[in-house]
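The following pair of complexes shares a single chain, subunit A, combined with subunit B in the former and subunit C in the latter.
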Partner chain A sequence: MNFIQVIKGEVMNIITSERFEELMIIVIIILLIAILIVSILYLLKISSIIDEGKKNDIYEGIVDAYLNDIETCTIKIEQVAINFIESPHFRDPLFRELMTKELINTHHYLTGLIKNRLQTFYFSSGLVNDSYLKLKSNDWHLQCKGINEFSEMDAISYYDDILSLRFNKNSQVRLQAVLSLIKLKGKNAYKDVSNFDYNVNRWAIANVIELIKDLPDNQIFDYNLMLNSNNDAVKIIGISLIEHFKLKTYEDELNTLKSDSVSSTMLKLQY
Partner chain B sequence: MRVLLVENDKMIIKIIANCLLSRDCAVVSIQNGYDALKVASEEHFDAIISNVFLTQLSGLEFIGKLSTSNSLRPPVYVISKTPNEDLEFEAYQLGAIDFITIPFDPVLLIEKMISDQENRLQKNAPHINQK
Partner chain C sequence: MENFISQLSLIIISLAIIILVFKLLLALISISEINKNLKSNTLVNYDILLSSSLAPQISLLIPISNDSASLIEDINTFLCLNYSKYEVILITDDGAILKKLVSAFFLDLSSNISTQSIKTAKIKNIYKSKLLSLSKLIVIDKKSNGKFDALNAGLNICKGDYIISTNLNSLLVYDSLLKLSKPIMDEIDYKVIAVSGSKRVLNGNQIKRGLIKKIDLSNSLLSNIQMLNSLKELLLRKMAWSKLTSFLPLQHSINLISKADAMLVGGYSKVILGEDLDLIFKIQRQLKINGQKPKVLAIPDAICWFRASENLHKLIKQKSKLANTSINGFFKYIKMFVQQNYNIIPILSTFFWFLLDYSYLWIGISTIVASVYLLCTGLIYSKVLVFLLMIAYISSIFFTLLAILIETKFNVYLNKNQTKKLLQAILIEPIYLKPIILYTQLSAIFKKKAS
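So, the complex of A and B:
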């Protein structure tokens, strides 16, 4: 009670004192300065967003022009890469990011000559180095992006770099690495992705299954290797794929797993 | 060679149009089935490339209506983003020349279109001479 009375007394003293007006003016000035600083920062942020948007619009046109050169096959791809490196915008990461994004989008649709030209451009222009820097970053989000760029552009020479991330502490990076390893090497990646002892959630399992279903050589996988894995997640992937492709040769193995499933919660869920 | 491209995916339009232009082919791009049907009935085309999934009128409906409305129908090449045996069968039933699934090789597609066109012209040549 005494403490509150003391505070009340002090406040009353300040209000009734001659310096009260002075103090109020100082407080108002400080508030105005704070509002001004916040407004300037806000305007700067808005203008940088607008600048980035404008830059994006300009860059989109330039990126399109490079893609045209790649797709029309009239200029040697090495020359397109040289022109790109020598362009005044090359030093801007935003420009290179946009180019990589468009390369990947286009690459996704294609097979054959133009696909090969896109890949050669990705390597010759040095955009591959940006993906490598992302992969080596400490930010898991960038790491995933780098891994994805490598696998989308079929950069098989970076397979070992992705391999080193399959035991990463971040589950998203681990999943992205496993998916990319399978995408890059198909069934030959199996030995590299099956020997893990961490838990895999059903979402990750579903992602791996969908990816393997789309691989060109998916039906000649040796599914016994999956069914005999120590990891239940790998077993589930094997079971799901065998059921999806209706592979009759694995019936005995599936029945054995079914009878053993009482010992595993994850396998029980599968049956 | 004049090609009608009926497609609503900007990326596919860009890829095919670039390849066609590099082979000195003219390309008219339309994004929906109804407009494409109108353009196809009013103008001459040597080939049509159509996506199977279009807005308003599906790609197969477009081919079907094209067959009944145009006696000198140009050859139709169908593009699909996903493999689908039923749609493929139906497209061939409706007279499509080819059913292309993405990912695809645009260079091969255009080579094939040009060679089909040359074969057709060669086939028609003796009739013209006989007349």
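So, the complex of A and C:
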């Protein structure tokens, strides 16, 4: 109580004294400095957005030209990669980032020889090293980006590196790793992705189900293994896939499972 | 007397400093939450939700009481949202509107009138479209009994796991339902009873077929001022409240609410304003009694656009409604916390929410008190008044600038004309809008006292 009274007395002294004015002026100056800092940050942000926009406009044209060279099968892909590395913009991370992004987009929608040429370019141009650096970064966001780039470009040689992130402490990295492992090895990734003891949310389950639905026919998972898994999330994925593909051979197992062990987990998935 | 005034000055200054520091803390937490949210969203493929059977079914409940020239166009924007598992339920008690809807959407009487779990005024008919492409549209024709009753009628027949109550003046963003449903699928430790998305000022922006084509500012100073004010609320506070507590102030929000929980508490109640706030409050109270951990999540993305008033009289009316909702919400929350032995965090958060929401009032009162004193006793404490006003004005500009800086993560105003309009609004907002808010909050307090 005495302490509070002392504080109160001190503050009262400040208010009634000349020092009050000084104190208030200091508060106002601090606020004005804060305004100045925020204004400078705002202007810097705006100018960086404008710069990035201008750079993007220039780079988009150059990236398109490289993609055109890759898709034109008469030019050796190694030569396109050398031209790319020797380009004056190669040192700019923004340029390489844009090239990787466009490479992935194109790779996603194409098949056959051009798809292979895109992959070869990704490896021989050194863009794969950027993805690797992202994968090895401490930032979970970059790790996810790196994993995604590897899986989109079918970089199966980095399977083990992605596998090492399978039990990462960040749930987004874990999910990205699982999705990439399945994408890279299909049903052969089952043993690597089905053993886990942490809780999985609906979002992760939905992502895995949608990915497996899109796998080629020869990569279909062994549903018996999934239905007999010790993990409820794996069972749910199995059930959802069987229902999606309308596989009548599993009807009995499905009915038994729905009525007992998984039913509590299935209930958890209801809203 | 002099001692009394000194003590009062002390209280006012302490309160102002506490508010300032707390606002700054909230802003920092909010910025960190927005950054986290944006970072994780860059990797999200929302299209998964379009085909996934695990995505929640959503029902939009839209009571219509006023006819307008753009009625059919407005409804069409709700029917074109990028989400597969949703339905649009229009509830009307107006024969002329119904006639218009029947002819525009080829409506036919539906035989499915489900049993009513929540009591409402008589439902005359339920209509569905004959067209397959409009299968997500349901129209309820019922007897009039207020907005809450219309919403309950919709709640009774909707099939969604989650509901959104909205109106035709709001324009839902094309991907809004994807963005609102994703956080529900992420959560495993808590029971998500609601997800709150941001409502942003539409004035000035160019829209085409329900989509924002170009972000711009309005020519009306009043609407730009409101835009800045709502930016501060959404970007510097809301995400922080969501992090700190489940008890969110739900102004400038569009809310996705769990249908099962809404049914559990008997649906919407007859409140003057803030049906969502009241419903979420009832659900939280009920789940707490049941021993569950309810969670209300917030997302920073603009989910919905609304047209801000460019007329001062209408603005005062709107702000009065907000002030009433806020004060009623505060007293309800505090009463619940005391009755149900909540821990200190929600109590403190709610107290500070009220303190911040009503900070204009405290500063306003202090100004009035200081002015009266100045007139009565000379100029000894005039410096208190001058400094308080200066701090209030400068700090308001600081927080507005901070909000605009964060806004660059979503929208950017780049050209000279926009910068000029922004600057004008930033400088005028504290002396134009704040007295209005002060007035409406004071009247809300007097109304509360009277009731």
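Here, the second predicted complex is superposed on the first by the 212 of 271 C-alpha atoms of A that agree within 3 Å, B and C clash if a C-alpha of one lies under 4 Å from a C-alpha of the other, contacts with A are read in each partner's own complex, and residues count from 1 in each chain.
Throughout what follows, contacts are C-beta pairs under 8 Å (C-beta built on N, C-alpha and C of every residue); 3 or more make two chains touch, one makes a residue touch a chain.
In this text, all values refer to a predicted model and were calculated from it rather than measured experimentally.
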item	value
Contacts of A:34 with subunit B and subunit C, given as first, second, both or neither	second
Which superposed partner A:100 touches (first subunit B, second subunit C, both, neither)	neither
Subunit B versus subunit C as contact partner of A:151, first or second or both or neither	neither
A:110 touches, of subunit B and subunit C: first, second, both or neither?	first
Partner chain(s) touched by A:119 [first = subunit B, second = subunit C, both, neither]	neither
Which of subunit B and subunit C A:229 touches, first, second, both or neither	neither
Superposed model, subunit A: greater residue contact from subunit B or subunit C	C
Partner chain(s) touched by A:194 [first = subunit B, second = subunit C, both, neither]	neither
Touched partner set for A:143, first subunit B, second subunit C, both or neither	neither
Residues of subunit A that lie at the interface with subunit B and also at the interface with subunit C	none
Subunit A contact footprint on subunit B (complex, rising order)	11-12, 14-15, 18-19, 21-22, 102-108
Subunit C contact footprint on subunit A (complex, rising order)	8, 11-12, 15-16, 20-21, 24, 27-28, 31-32, 34-35, 38-39, 41-42, 45-46, 49-50, 141, 144-145, 148, 172, 176, 199-203, 205-207, 209-210, 213, 240, 243-244, 269, 271
Of all residues in subunit C, those that touch subunit A in their complex	6-7, 9-10, 13-14, 39-40, 42-43, 45, 48-49, 51-57, 161-162, 182, 184-188, 258-260, 383-384, 387, 390-391, 394-395, 397-398, 401-402, 404-405, 408, 412, 414
Subunit B-touching residues of subunit A, taken from the complex the two chains share	64, 67-68, 71-74, 105-106, 108-115
